[in-house]
Amino acid sequence: MSDVEILPVSTPPGVSRRTFIKGVIAAGAAVSSAHYLFRPSAALAAGTSVRATFPRLLTLRVNGQARPVDVLPQETLAMTLRYKLGLTGTKLGCDRAECGACTVLIDGTNHYGCSILTHTVRDRAITTIEGLEAADGTLHPVQQAVVDEGGFQCAFCAPGFIMSMVALLDENPEPTREEAAHALAGNLCRCGDYNKILNSAMRAAEYARRMA
Amino acid sequence: MAVIRDMIPSFELFQPASVDEAVDILARYGDRSWVLAGGLDSLDWFKDRIKRPEAVVELGAIDEIRGIRASGDGLEIGAATSLTEVARSPQVRERFGVLAQAAAEVATPQIRNQGTLGGNLIQDTRCWYYRGGWPCYRAGGNICYAGTPRSMNREHCVTGASRCVAVNGSDTAPALIALGAQMMIRGRGGDRVVAAEDFFVGPAIDITRMTVLEPGELLTHVRIPGSWAGARFYWEKVRDRKSWDWALVSVAAAIVESGGRIERARLAVNGVAPTPVRLRDVERLLAGLPADAGTADAAGELATRGFRPLRHNDYKIPLTRNLVRRAVRGTAA
Amino acid sequence: MAEKLIGQDISPPDLVAKVTGRAKYAEDFRAEGMVFAKLLLSPMPHARVRRVDARRALAMPGVLGILRADEVPQEDAPGEQALTDEPRYVGEPILALAAVDETTAADAIEAIDIDLEPLPFVIDPLDSLRPGGPDARLDGNTIDGGGVKTIKWPRDAFAGLEEGRLPMGEVTDEWTHGDLDAAFAEADLVLEDTIVHQSLTHHPMEPRSSMAYWQNGKLHIYCSTQSTGRTHGAIARQLGLDPDDVVLVGQYCGGGFGSKIAGAPIYQVSALMARKIGRPVMLRITRYEENYIGRGRPGFQAWVKMGWRRDGRVTGIDLFIVQDHGPYGRSTDYLTAGTVADLSYQPAAMRFRGITVYTNTPPRSAQRAPGGAQIVAMLEPLMDKAARELGVDRLAIRRINAPGHDAQFGPNRGRLTSAFVREAIDVGAQKFGWTAKSGLSGRRRGTKVTGVGIGLSPFVGGSSGFDGLLLIRPDGKLHIHQGIGNLGTHSFADTARAAADVLGVGWDRCAVIWGDSSQHLPYSSVQAGSQTTHAHTRANHAAAMDLKRKLQEIAALDLGGSPESYDVGDGRVFARGNRSRGLDFSRAAQRAIQLGGKYSGHALPDDINEVTVRSATALAGQGLMGVAKDNYSHEGGTWSFVIGFAGVELDVETGDVVLVDYLAATDCGTVLHPRSLAAQLHGGAVQGFGQARSQKWVFDPKWGVPFAHRLYTARPPGMLDVPLEMDWVAVGAPDPETPIGAKGIGEPPLGAGAAAVASAISDALGGTCLCRTPLTTDVILAELEGRAQPNRPLEIHA
């Protein structure tokens, strides 16, 4: 691992020769230590608490309810929902905006709950999978359509897909199958149940129209 | 220190209500600060614990940098406008369709709902060595891990490399270059305007940055002149998966024809270089020629002249050539 | 009599919970005082831990403790431990740390000072076979029936590597049947090719998180598993606990595909950490970690020579496979691949040679049709090539070689229980419209070329010999206890209907009990290898027959006559010819409790497994019990078959491929549940599309570090990467060797999807077989443009 390859270079403008040498040493030192190729991160910020002036306590509007909650500045909405508000229907499949299992509605639009800071949605209406049923337990037309189609397999992706379907139908009550596919393309299903999921979306559109 | 790639370390969050306020905070914290818009690029870095700002300046509360409005004979789009809004805007679709198309093919619906035009333009490269936290040139080291004879560089560049072989991942950037857009920038020292094609910087100029933005500066608006409104546009993005993926290569073109000949054209490609590339030679070639297959072939050849493949990405040369051909022909057929 | 439930579309009983977010997966459970664990993963592909200094981490406020490799169960080579001081792949967990919250735990992991000594590593199996080449393990580079050993090939074996010829040398496994020389001599066409198949990470949607706590000496563990009963036993065994001291809850499993068959080693960490620090511990596994510890399908570097008669009949196959193994255990995909090739094409003679090579890449395990999915995706395009060269229709060449009921296959010349393969090809071709659509093959519209493909994919479809456990409770409801898991195939519910139908009970009077070891589950198959449909329709049928007999006996006892003069249906046992004379199930259950003995579960059959004995004993006295071992005849191997038909549009200027059409035709015996069958056929196909088209497994060869470790770089197919609509059809002929006639169908759909797409792409390229997966845009465009392929010949981790 000593044969570190260095591309032939000339020192670029604005970068001193000294910076280069520092780089070499840093890379070399990494070889036998724990970080291997990974550069060490900057030292942890001394004292992990935020400034007292920052209002950590906030009230979220979730599923029509006002929910006071203590939120760290760096906390994502998915974490707040799952670990502080007990709303575990919102799933973490990747935590990196790559799978859609954490999809929630923010003011009616679908977002990845894993990739938005809770503090940035303070004044907005948040809807999760738990907020779709009517007070009397009647399923939302989308949920009912999924049940009637026998939709989903492992269903870990289901809450996210369902939220995206709700967002779709809210905006486009009569989607074509292709439009539905595009609207749901930000949700991954590893069981590969896309055909049945699309069937469910089309049935949901039908139910929603009938109710309207 | 051991490495872990999860949980965002603590930072101080600022949510200013104006650009000036944001610029003040950025100035106060200097290189310990970070601008957060849609957050899709930023949170990824934070969760990997590779970028660790002390102060994060979140732009969501700044109304002045959101929305699309007429400006002169063109449009002005706030940098914090969502990609969904850009893609759906009737003004953008009717007059500058290439931008609407490009915005509509970014990532996924959820990402477009949250991701901003500015964020799409400023996003950091997805070189997997660099994103993985390797101490490469771009990260302040003095090696490019992606450019060696044994590196895995299928998605890296075929032109414009200078030590670093990473590519720019923006879809809207080539569209805005084709439209002759201008970037409105504000910093402590005041405002400045930079042409879209000059907004992006390659590693030869600054290896740690993707754009001309200096620390403490904000991209506030993108101004699109009316000069290409209603031109014949072409947009195509080739990618491995039809959602989520960045482009392997993308092309954006605006072409104005009259009397069966190309009067003027602007073309840009992305995914081939550390910056989106405006094809000036091709534009010059095209002026006065008929938009036929012969012209298209010549344009494709010219566009890729001097391209040099790395170990795994030779395909980007014919791909770029063919996409430029298609852009000139105006059709995939 | 109630209408038979089998064959109907019935939504599974867990679906409302799934659509409302009430379904609890492992990471959804909370316990009083719960804290969080995080893992320190190896940054090196192979290393030894020289020193760990966690003092700074342990001194941080909120940090509760660490767990090291010497505190988890020790495994003999080549077994895998939950934590290790000799990590053998990047991402292998070295230690765990617990803290009051996840951020603190992550901060504390960073504060651990760890020193690793780099050891030699190998990523490409061929490198390890070179003379003096590095080994992934200190004790050897391969394994056979006798254990870990070292095999190196002479230098001259590698002479043709740069030209793309697979090096060949000593192997660990070899078998032959028939006269291979004669078979090739008889052939009118002989083709040979070198083929590369990538490894693939499973990436189920739910990462393998777990939460554990201890109460009154009992371990309570909430984890994601494909097989509840068999994971319960495995965890008890691993931790040296009495099964009665483990409560395992895994009602929902967010996908496994073979990666969570009996849980996962990492579940030991939450359990042992919880015991060590005396707090409930949640170990949330990130996607990044899931990529490393979440298993993968082994890749192959292979060479094949095949011979055909003029009419398309395969005469001989000579197959050589080098398998990329990862660092642990023994994956037998390569062996299965040989068997599947032999079964699929029924050659007069075949030779198989194979070796599996340890590499410093993530551990492998079964992944949906292990071995089968790889080999059919590799060989089906060759069948097309042969058909083209011989001028034989591509459907006809499959028909003429298809195994029939009398087929023999593999090293042991096994026999099948049934094989309606030609029937499946025929119904599939008809519904797909093969004649019309194959006529479009090669059609050029603008820059788009149409390709049409076929993929035949067989795989094992069932085991037998497990137990069924049923209880009619005094409320008259039939409780069907299932030790299999719930990973989304719906089989925990679908196989229960075998019991309901025997007893003529409506589905609304049935309750399926699953997913919680404290609910008294019978000894069950693992929920893997397409076993459960077959195994548990049988077991539930057997238990239901036992229950039916007991109902008849109770009726005879109370109402006179012989047991045989009574029948059951509609929740009653009644006299034949006089339905009014009888007992309802509620009354029968009460009578069983009074009668005791076998009726109440106090006396049990002596051939049932001890797991079932324990559960039945716990349930004894609560109603009328039906309990039995599946002793039904099972002669021959149970295999299911899927034939995929795919249509693609390939852009000759970009190499882009759009899947426009897909139909799966199957022989899986009796159709248990049409809608879940369709889901298996289509879902498996989608995974196959990813295997053939997009899914990547990339390592930097110099540093041994992976890059396709995120979903965006691993690239599993999304909604827009599959046809907008997919179709299916089933032969539906019952398998004669099982009472319900149903065979398992989880595995073969994947290979069919992969092979059909590979075949269709090859068709669009005018018959060119690119002989590798995945067939990404760059690979296709390089071929179209006549340029250098992006990967070196036989390069496997690109």
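Every chain is named by a letter (A, B and C) in the order it is written, and numbering of its residues begins at 1.
We adopt the following convention: a contact is a pair of C-beta atoms (placed from the backbone, for glycine too) under 8 Å apart; a residue touches a chain by one contact, two chains touch by 3 or more.
This structure is a prediction, so every number in the text was calculated from the model and none was measured.
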item	value
Overall pattern in which the protein chains touch one another (line/ring/star/complete/other)	complete
Farthest chain (mean CA position) relative to subunit A	C
Between A-C and A-B, the pair joined by more C-beta contacts	A-C
Centroid distance [mean C-alpha coordinates] between subunit C and subunit B, Å	41
Where subunit A and subunit B are represented by their mean Cα positions, the distance between them in whole Å	23
CA centroid of subunit A to CA centroid of subunit C, Å	28
Residues of subunit C touching at least two other chains	43, 103, 107, 110-114, 286, 703, 705, 711-712, 717-720
Residue list for subunit B, restricted to those that touch at least two other chains	1-3, 6, 8-10, 49, 132, 145, 148, 242-244
Multi-chain contact residues (two or more partners), subunit A	34-35, 37-38, 41, 44, 48, 72, 74, 95-96, 98, 182, 184-185
Touching residues on subunit B, where the partner in the complex is subunit C	1-10, 49, 128-129, 132, 145, 148, 150-152, 154, 238, 240-245, 248, 312-315, 317-319, 322-323, 325-326, 331-333
Residue numbers on subunit B that touch subunit A, as the complex places them	1-3, 6, 8-13, 15, 36, 39-40, 43-44, 46-47, 49-50, 52, 54, 56, 58, 60, 84, 107-111, 113-114, 132-135, 137, 139-145, 147-148, 162-163, 203-207, 242-244
Touching residues on subunit A, where the partner in the complex is subunit C	1, 31-38, 41, 44, 48, 72, 74, 82, 86-96, 98-99, 101, 128-130, 132-133, 139, 143, 146-159, 162, 177-178, 181-182, 184-185, 187-198
Subunit C to subunit A touching residues, read off their complex	9-12, 15-16, 18-25, 27-28, 30, 43-44, 103-104, 107, 110-118, 203-207, 252-257, 284, 286-287, 487-490, 675-676, 678-679, 682-687, 689, 703, 705, 710-712, 716-720, 722, 724-726
Subunit A residues touching subunit B - in the complex, by the definition given at the top	4-7, 9, 12-15, 19-20, 23-24, 26-27, 30, 34-35, 37-42, 44-45, 48-51, 54, 72-76, 95-98, 100, 103, 109-112, 115-117, 119-120, 164, 167, 182-186
